[in-house]
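Chain naming follows the written order as A, B, C and D, and within any one chain the residues start at number 1.
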């Protein structure tokens, strides 16, 4: 990750261990996961996560690295997915010799093809013009998906069967676990390629154009062309994600093109943090868990997701990754330990306060909407009566008290953090990275 | 910090999913329908009706298989096909063998397709699909599977009933068909044209059009066209906000004839139409509640309203799903071998709580039952909807509707 | 000292005009700047100096006349195309990439000239050529110690130095600096002037500057722009002595300066 | 001809409704540079507040009070939310309003439930004012037209004839200069945001009974409002009016037309396929104008952005 050229005389090895380590760890982690979570449902959720990660990383090529805010990026994933579905069905109908694992390439190519067309007129400017064109194009293609039934299959969408293709080394991809490894392969490959893309000349210039398009033009680069290349590359990887979606779910519907999905990916990417390469990965994991797991626990999950999102934008514009990276200097200086006590003092009450608030909301909701006579509810594994005063008072006290205590200790926590990122020796001008790439 | 707590929380939840599979004494039915988002009202209503039906009609009557209880487990699919498939997998992992879903034929197709694949690939833990509301005819025709059972009358049967009633009205001269631009809206339009041509070739179809689904803000121009066409009656398959918007615009523009609908009532729609919709809005449905078929039915509704004051018996067929499934499990003697349960359901005859018989046609797994045309009114209503004075009064009934309707289903049996 | 005979001048303006709406800002400027010359354009506020710069670098389209770089007409070219022909500029208001590190700032400005263009198959970190080039420039502008800091946190003088570094990094042979010492203290100004002198050896330098000390210290030739016209052009001593200039502009400033 | 007149009136009503939303949004956008994604959510809040008030105090009280509450809520959100995010730049600001829109929808569902509310027009206006042919024009529609025009005139007066208006006008074109002149620009921002959202609230109050009061009402109208101000051009009240009416009439006449795309295909010399179900182009053959009516504004927006990025009447580019 570090660009410093350590020793100009020595020849740099092709891949240094330091550079490769995070990738090797991630790969190992991904390979082991199915042995820890063996249930089909958790594997399905992990598949969903992996697909979302690719899509979010592709999206961040625009938003984080290129400074282009898109409200219609789902169409590139969707169109790639639909094409894959049609190819899959052709493979079945005409017995084409196409092994399933290669299918996402076609998704990528078609996603890129569409991005080439749209990018030709939308990347002239970044900012609002680009955002509004993306919104318009997104809406148009989403509308087409319902009108042009022959291609998009209308409301039922286009189903297919991944198992009818050629067996791939004897694997017919019958089970989610087989698909998991296929997706993981593509996840690692795509993430690696996207990471490397950000290290290429055009990838670096994408950052420059994001920060100051005019200056970039006076360095010999056409801002438009740099944006265009980022945009098509992003379209490619979005299409790969679409192809994987086709393989995993074996169906594509109009929802894959909808503005809702486009909005979601913006939310995911920003939640994770646009300023860091790994930000969208965190965002995708957290959001998928919230969506599939929290929604099993409470009907109000979207309320919590909305609140989390707004709070993130307000207090941590660097996203979750930004929060993590705020502590990178502390780790480097070996001062993490000094943070434990002040953090506990603030965060434990804060968590209690938040859980108390959530509990209060849940009790209110249950009290209003549950069936008559059905007054028992389970909250955080505790059974209680939603119509009696006690639980309401308790949660309110927890909420108010917790947040009050947290607020009292918050300055102390901030102070501790500042101390932890400051070396003991003379202080050089340092800047918390959280606000860095936000603009 | 924040992240760690989130991770901790979510891992705990993730483990929660798989752990709950361990204690499975009850026979569970997975309810996969929207419980959040814009369509949550319909999902929540269906869930309440399932909970009540299971409790009243099965568990309080001694359960199934000599004392086992049924249990409904809800899964929020957010009205998304992708989420439905994830939740389906979660349900299957929890050892659930019966899947109930109804909102959106698109999602029903996705689930039916996924279940078909799952059962083929995993012969050891197959599941059945209890479709209680999705009415796309294809599900019991071209796309039929052995694992899918439909308890509602399908769109074609409903249209057959609707046009029977319309055909009987000698004064009818012009009909206007309008619907949402998606598969169901198109199916309704096609069926209406076909049936009217067959039954009343003299009736002129003065308009047949589609509008984008959920995108029209103002329905007035459509209403103007309908008035201008001189139509005597309107047919629409619209649901949700599109139904309300269209209905109010048509009535507001001065239309006085009947508006035949599939989904023009309950979950706020009846209350919103209120006085304006009186004697105009008509609904084709199974299981009418005004007048109730029997004292037993009346008591059931009263008890339901006492427990769920905010909800209504808007999908009466849910009691049929529950009772017939319980009967089939008892007859099969097992709740694990779903093939046996499915075979027991095939051809089953059942006396519905709402009067009349239900026959689960074995050729296509389409429930054949009495279908009514009801009218939105506040007169003679014993059980109103939406806690308003208005409800649906049964005007006419076709018994065992669609009994001999054709099907293109070529059922693949295991 | 000035342009070599036979070959076209580095930059040539002929009858250049620019109007915004009805107001004419540049009213027929003729100027030829020879290769290797250090040319300063001075003039009172509002004379059109920055507009002239923006016209030459393609930021604004001109309303009439010609601009030729090494004899090639620049009409209708985009800034990036002009840059590729060997003309580079800095800005009056600091114009760097604040979120990127100092190292990145310089490396980005080297990319095009090192021939990487729109490549997405080369890793920038693997190019010794680039890294060495960047390090050399960092050394020249004295920012090696600051290389890994975000450019936005540098001091003002450091940012100005970085801006000059970015401007010269691409190896352009015509360098245009827009008020490189604006807003600087005396010591900072001296430092920047030295820096400019160093990094523009063998190049054509065109600059707009208010600080007369800087102008007379650096420039071989001076043009005076008043109300969109060049009223005098020549060696510093001649310009200083020109009564028109004295009258229009220099008088007060020179008296204050000495 | 009758139908044409009626459509003209219906389109006017819808267009003016859009104008009430876009007027506030264009002010906010031009001053603060924020594409307020939550603007339509304030419209929804207006409808719900008015519904709640009308159940106790009647429609007219709701019409007066609900927009005030919405405006205060808007100003509060600007003061305690948006202003905080402002320091991070425009993209986070936009994303903040995006999240806000989601959050408001959830909060509305939490308090008012998920189904449609029976919010109705006041009884005093529940009659047909006049008829054109068979088509009755409801008195309420005429009332909507008058309210919108009154608001437009009031805005025009405030912006062009008052001191506050001068400052706002100046801030539209030269935000930095106005700040330099010593005006409390944050205060002006808060005020404009409050007034803009209150305008959206008014639109909600009077449109709720006609277009329906349900949790999805903001989403349905949300993006079309952006389309309106982008087409109209930033900072231009007249542009917003022009674009609103254009879109109002465009969608109305598209919905009212019975134009079929088959006619174009026939004109192009193509032959109607005998077996429609097997034709690859079957969707084109059956396509009608009403099907694509609601997406026409998006096509227009993309077209305008490509050829004239500052909109129909905008003074400066986006």
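Note that contacts are C-beta pairs under 8 Å (C-beta built on N, C-alpha and C of every residue); 3 or more make two chains touch, one makes a residue touch a chain.
Please read all numbers here as calculations on a predicted model, not as lab measurements.
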Open item on the list: If I average the CA coordinates per chain, which chain comes out farthest from chain C?
Closed with: B
Open item on the list: Going by the touch criterion at the top, tell me which pair is linked by more C-beta contacts: A-D or A-B.
Closed with: A-B
Open item on the list: Using mean CA coordinates as chain centres, what's the gap between chain B and chain C in Å?
Closed with: 74
Task: Mean-CA-position distance for chain D and chain C (Å) - done: 49
Open item on the list: Quick check: how many Å separate the C-alpha centres of chain A and chain D?
Closed with: 31
Open item on the list: Taking the mean of the C-alpha atoms as each chain's centre, how many Å separate chain A from chain B?
Closed with: 36
Open item on the list: Counting only residues that touch at least two other chains, what does the list for chain D look like?
Closed with: 113, 291-292, 294-295
TODO: Please list all residues of chain A that touch 2 or more other chains.
DONE: 143, 147, 149, 300, 302, 369, 439
Task: Set of chain C residues in contact with two or more other chains - done: none
Open item on the list: Can you give me every chain pair that touches, using the contact definition above?
Closed with: A-B, A-C, A-D, B-D
Open item on the list: With touch defined as at the start, can you tell me which chain C residues reach chain A in the complex?
Closed with: 57, 59, 78-80, 83-84, 88-89, 91, 95-101, 103-104, 107-109, 111-113, 116-126, 128, 131-132, 135, 147-150, 152-153, 166, 170
Open item on the list: Going by the contact rule set out above, which residues of chain A touch chain C in the complex?
Closed with: 3-5, 8, 12, 196-197, 199-205, 207-208, 211-212, 214-223, 225-226, 229, 233, 429-431, 436-437, 439
Task: chain D partner contacts - residues on chain A that touch it in the complex - done: 63, 67, 69, 121, 125, 127-129, 131-133, 135-137, 139-140, 143, 147-150, 259, 263, 266-267, 270, 300, 302-303, 305-307, 309-310, 313-314, 317, 361, 365, 369, 435, 438-439
Task: Parts of chain A lying in touch with chain B, wherever the complex brings them together - done: 37, 39-42, 44-45, 48, 143, 146-147, 149, 154-157, 159, 161, 163, 174-176, 245, 249-251, 253, 255-256, 282, 286, 289-297, 299-302, 320, 323-324, 343, 347, 351, 369, 371-374
Task: Residues of chain D that touch chain B when the two form their complex - done: 2-3, 6-7, 10-11, 13-14, 109, 113-118, 120, 128, 131, 133-136, 138, 210-212, 214-217, 219-221, 224, 251-253, 255-256, 258, 288, 290-295
